[in-house]
Amino acid sequence: MSVQPLLTARGLVKRYGRVIALNNADFDLYPGEILAVIGDNGAGKSSLIKAISGAVNPDEGEIQLEGKTVQFRSPMEARDAGIETVYQNLALSPALSIADNMFLGREIRKPGIAGSLFRMLDRSTMEKRARDKLTELGLMTIQNISQSVETLSGGQRQGVAVARAAAFGSKVVIMDEPTAALGVKESRRVLELILDVKKRGMPIVLISHNMPHVFEVADRIHIHRLGRRLTVIDPKQYTMSDAVAFMTGAKKPPEEALAA
Amino acid sequence: MAQAQEFEKVLSDSDKSVASFDEHGVSLLRRVQHFLHGNPAAVPLIVLVLSIIIFGVAIGGRFFSSYTLTLILQQIAVVGILGAAQTLVILTAGIDLSIGVVMVISAVVMGNFAVGYGWPAIIAVPVGLLVGALCGLLNGALVAYVKLPPFIVTLGTWNVIMATNFIYSANETIREADVSAQAPLLHLFGTSFKVGNAVLTLGVIAMVILVLVLWYVLNHTAWGRHVYAVGDDPEAAKLSGIQTKKVLMAVYSLAGLIAAFAAWVAIGRNGSISPSWAVTDYNLQAITATVIGGISLFGGRGSILGTLFGAMIVGVVSMGLNMLGADPQWKVFLTGVLIIGAVAIDQWIRKVSA
Amino acid sequence: QEVGACLITKTDTNPFFVKMKEGATAKAKELGVNLKSYAGKVDGDSESQVAAIESCIADGAKGILLTASDTKGIVSTVKKARDAGILVIALDTPLDPLDAADATFATDNFEAGRLIGAWAAATLGDKAKEAKIGFLDLTPDQPTVDVLRDQGFMAGFGIDTKDVNKIGDEDDPRIVGHDVTNGNEEGGRKAMENLLQKDNTINVIHTINEPAAVGAYQALKAVGLEGQVLIVSVDGGCPGVKSVTEGVIGATSQQYPLLMASLGIEAIAAFAKDGTKPKPTEGKDFFDTGVNLVTDKPANGVTSIDTKEGTAKCWG
Amino acid sequence: MSVQPLLTARGLVKRYGRVIALNNADFDLYPGEILAVIGDNGAGKSSLIKAISGAVNPDEGEIQLEGKTVQFRSPMEARDAGIETVYQNLALSPALSIADNMFLGREIRKPGIAGSLFRMLDRSTMEKRARDKLTELGLMTIQNISQSVETLSGGQRQGVAVARAAAFGSKVVIMDEPTAALGVKESRRVLELILDVKKRGMPIVLISHNMPHVFEVADRIHIHRLGRRLTVIDPKQYTMSDAVAFMTGAKKPPEEALAA
Amino acid sequence: MAQAQEFEKVLSDSDKSVASFDEHGVSLLRRVQHFLHGNPAAVPLIVLVLSIIIFGVAIGGRFFSSYTLTLILQQIAVVGILGAAQTLVILTAGIDLSIGVVMVISAVVMGNFAVGYGWPAIIAVPVGLLVGALCGLLNGALVAYVKLPPFIVTLGTWNVIMATNFIYSANETIREADVSAQAPLLHLFGTSFKVGNAVLTLGVIAMVILVLVLWYVLNHTAWGRHVYAVGDDPEAAKLSGIQTKKVLMAVYSLAGLIAAFAAWVAIGRNGSISPSWAVTDYNLQAITATVIGGISLFGGRGSILGTLFGAMIVGVVSMGLNMLGADPQWKVFLTGVLIIGAVAIDQWIRKVSA
């Protein structure tokens, strides 16, 4: 490919005491693509995207966004640079309401003086938009939009986190297992949403253990194993069985794929 | 690209309405429960009303006099304001043990500048407020940037500020007469006026307004929601892009500033300014008001209105016991029982309303 | 109508105030006065005393007996009470200024200090010139009792007090240091330990009261120095006198809290009846309830009573 | 069926303030079967099994275990009655180690006097068994068995919770989305484990959003919708599409199925 | 029954070895880091050693004398024991503000029974211990069964027990001479013996043994793990079948019992028994030791050995400052600075060792 990657990482290392979560990992994301990241539990997928999105500081390695070396010291900085992330642990504030969580850090203020001078939140607008976003995702069982997130079911919570990222991403959206707790209907909506975001020209990183989903939407598949990128494959050239075999170590990936 | 799995095809026909259940014939009890569920600060309010009624019955008319009831407000004004500051900090899952001495040193600074060095009071007051805010800023920096536990930080600064207070003031009390003569502005919040039999001071009004303003800020501005989010789950708050450090800095500084404001009110109440106010355990009182008001020490939960009611509960109980003429030790005993009792009732109401 | 009165003490943990309350309660019963008692949480806790005075006003009391923790700071609140027509009597501890109260019933605290100072100097004799003296004072803000006793001791011992209204401005090299005790045992012990760390050749200790003296003794004993130090104190409670008998304390100035209390209640009763206010002792600006030096080792030129007499007069 | 159900519930109601999580729900589990429970996010599946396992007290309704009415006031009581549960939020103590978590509440003591008198834990045995269980589930990426659970990846955590329940269940094992965060390999192992448990004669309740998994292992499928049991179907008589259509309200279930 | 999906067939060939990485050539630094990572209590130990060295250099030989160092141990014995009790409670994410007065009332009971009523000391001591345990039981019941916040419960019982203490004792001190004459057993833990120049008391030995026993219990018995689990995440603990209520009851009762044991040690140290010990802020000291020792106030984290070192750090600092002859107020000031400093170093070491 001659296109320049939008986001790259080289030689990322992250150690936790004795544990090595990232062991010289590389990463490339190209403009407009859906990149799936797959791998065993504990392979280091979440650690990889945390390093990229500023949630943890890698011990070694370099990250470039649009060709410029970046070093995000906080998720805030990554967000400001246009990278929006759905973390696996969701990063929601349990005691706050659904709307508060969706708009955390970019609240909508009332129009006029109430908003500009008294900085008053526009609760009704925020709640309305939150409700719309969730309905878009098919999360219709939420009875009370002002209930606190801690009282939501596992899947409803995940829906809130996904809706938030989709609504606000500007350059890259990263999703760490966004459908893990979702029902059939809700998962489908998330996939549609991902394709939708792609259509808007924004690249997406999707971490998932669901092979049919991955093969349905991904343009390229990054296979992570034992803390590093093992290979990147094209879902049109390999089957799900191949992917699973590579990621579990049942088969060695072919040489050319390694270079991808 | 593969296709959606077979069984996903039927989804287009799925039900699209938002779940809702019959709310017909909801009983009154259940409505009360819903109300309490949605307004947690109402619970300490109920406890407050209950305690007023109990003491009123036990003591009789004297207790219900508007004079007595407003006196209670005067007595709790300082603790109420400190409690408001403490509430901000506790909402972030912190604690500020230094808040009482920050108040004292701010008062001493105001007094020394206005009376000792003879600066105009209109400048001495901002200087005092600044000192309070700086003390808070120091706490905030240590908590947010050096990442030390708030308990330790403020225990440390408590010692440091307490010592500075005594060294700087040379333990000298500034007499009321001198304050009145040279800096009457310092007595502003002691100004009292009568509404019928009730005697209110500007200090009481200030406390109520302050709490209302903070309530607004906490519930209706973005910053307020961030305070809750930081206390609720700091990790999640950070990941969702809140600048937790800045929020913490602001909260501790604001708490210091409010403590300095409490100093101004306290000067109004006490007339004189004494460095040895530091001996009174204002902290514990403020924390007690906060916790009785339903603010969780683990952060992120509770309404600042609760703190106001919490302070009032403490005031009502201690005045009530005084007027019942209880022996000092029995008074201590009953205070203990009542603290537990108030929160037990609170907990019970919450449970039946859950 | 029943006469209401209040007794507000610094703490209700110091036996001195416990006795004072007992005395006042007994007298009040006798005279049909309705007495309510209040106390600070610790010595120095003025806010509780302020709230107590306010409760008394709200309660319509006729008189207040007050041993003030913060002798300057409480003055404005006292004024409110007096403005409300209440008789305010300072017990034990004069207010600052003294005339902020309607009357003061107290030990002559300067004299109490002077007696133990003079006794210590006389007992040491020649060695007084190179004595090493530690002062275990009350609270940091120097309430009147503290200043009076501390400076009285210096006057009696032969130390230049410089400003007699101020503790700590002296430059006599015999002074090892001052520390505060909050008038209780634990505080006495800590303060003593602190002074010993500064200089463990200390041989004279002035203590603000007997609880502080007991604490100081414990600290000395812990390091085996109890035999070499002269401890003097003020109070004359029964345990204190017993300590003098045992040689733990060298001498103590005995005060009479029961008298203060009963005089105070009587004064309030009288005031309620016809508005008469109590008069000070001839030649003094307060009512002196008397003081005696108690020791079994009388010294030349210092009047004292022995522990037998002291025991007869002691208060609990 | 003439066999008596092992565990039944009738008319369960659970309200949270305005929200109605269980709205007259019924439930039946027969001996030796694998019962899948499916439904939209927020349908009340977790609430149902929490009510059954003593984790929440239902406002109304009755539960019977082996024909006798039971009222578990705590998960402890349910456990003592032989009901072992994997909760959706996993119920692990983050700061404790993997082995500590696996054996929480039924620790192994050292043999001899060290154990009987000094009540000393047998750490090495516990760690060894924990390692074995996890390996059985294919969770091989755990590098340090004494690391605290909070440092594990999402899937590794879930593995620990599943391994615990499987190891200790005696009458009923309930699993609330046990494979949600698991990888392909690890999920497969959990399914095998479920079949294994069934072979030992123990019935299993499996909540899952993964239709292929559900149809692969379930004997009967309980479809939950809007807080109540909509119907129970036989996976051999209905297709995945039918099931999904019922649970999302796209199709009404047939009358006879309703009665099941 | 359907079949496994196609792509799952390849799994039989997957890699079966447990992940592991090269540990060859691991640097010394990294090994130290690993060690500290696995032994969190080592961090306050390092801070302790550092502070001893700093004061040793500043003060010189006198400070290093075994006399001085053992004196410090004597001074902290009581606080160390109370800190151990507090640690148990804090590990469950609670706090026990009443622990100081529980100690005092237990001491008064021991003294009154042995000296006042003339019972044999061998009975008076268990009675005192029982009183402590009962106070703890009351706290535990209110926390576990009435589900009140520990802060409020123990603030309430603090008042109640404090008042009971003064009412029951009529504020009368039991003199050392009387204790020695009638109940020398009460002085047991004051017994001192020399090892070279070092003077140790049985109280010091008791503190060390107590902490070691608790360390064993917390780390090597099931009950100990449950204590951590309850503090870590009470909901999870309950769901995983731990009887959280029983654990809480046991922890608070044990804390009360240990406080009563501290009473016995305190009698040995002080000689006399005074109800007014209650005014000293033993609580804050115990909590400070605990927190400096690295126990998280949010529960579930930290080692009780840390508390021991925490108490020693406080002891070393205050003795060091005394020996440097600092002015009382400056001493307070520096204590504040040092509290913060100690924890900052601790935090820093943790960070580089993370």
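Every chain is named by a letter (A, B, C, D and E) in the order it is written, and numbering of its residues begins at 1.
Here is the rule we use: contacts are C-beta pairs under 8 Å (C-beta built on N, C-alpha and C of every residue); 3 or more make two chains touch, one makes a residue touch a chain.
All values reported here derive from a predicted model rather than from experimental measurement.
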Mutual neighbours - chains that touch chain B and chain E alike: A, C, D
Chain separated most widely from chain D, comparing mean CA positions: C
Of C-E and A-E, whichever chain pair has more C-beta contact pairs: C-E
Chain D and chain E, separation of their C-alpha mean positions in angstrom: 40
Centroid distance [mean C-alpha coordinates] between chain C and chain A, Å: 73
Chain D: positions in contact with at least two other chains: 16-18, 20, 42, 89, 140-143, 184-185, 211-212, 226, 244, 248
Overlap residues in chain E, where contacts from two or more other chains coincide: 5, 7-8, 11, 14-15, 19, 21, 166, 329, 331
Per-residue overlap in chain C, given as positions that touch at least 2 other chains: 12, 42, 140
Set of all touching chain pairs, with the criterion as stated earlier: A-B, A-D, A-E, B-C, B-D, B-E, C-E, D-E
Interface residues, chain A side, partner chain B - complex: 55, 74-76, 79, 85, 87, 89-96, 100-101, 104-107, 109, 118-121, 123, 131, 135, 138, 140-143, 164, 184-185, 188, 191, 212, 215-217, 235-236
Residues of chain C defined as touching chain B within the complex: 12, 34, 36-39, 41-42, 44-48, 50-52, 54-55, 58-60, 69-70, 72-73, 75-77, 139-142
Chain A-facing residues of chain D, complex: 16-20, 39-43, 45-46, 88-89, 139-144, 147, 151-156, 158-159, 177, 180-187, 209, 211, 226, 244, 247-248
Touching residues (chain side chain E, partner chain B) in the complex: 93, 142, 146-149, 151-153, 155-164, 166-167, 284, 287-288, 291-292, 296-298, 329-333, 335-340, 343-344, 347
Touching residues (chain side chain D, partner chain B) in the complex: 16-18, 20, 23, 42, 211-212, 226-227, 239-241, 243-245, 248-251
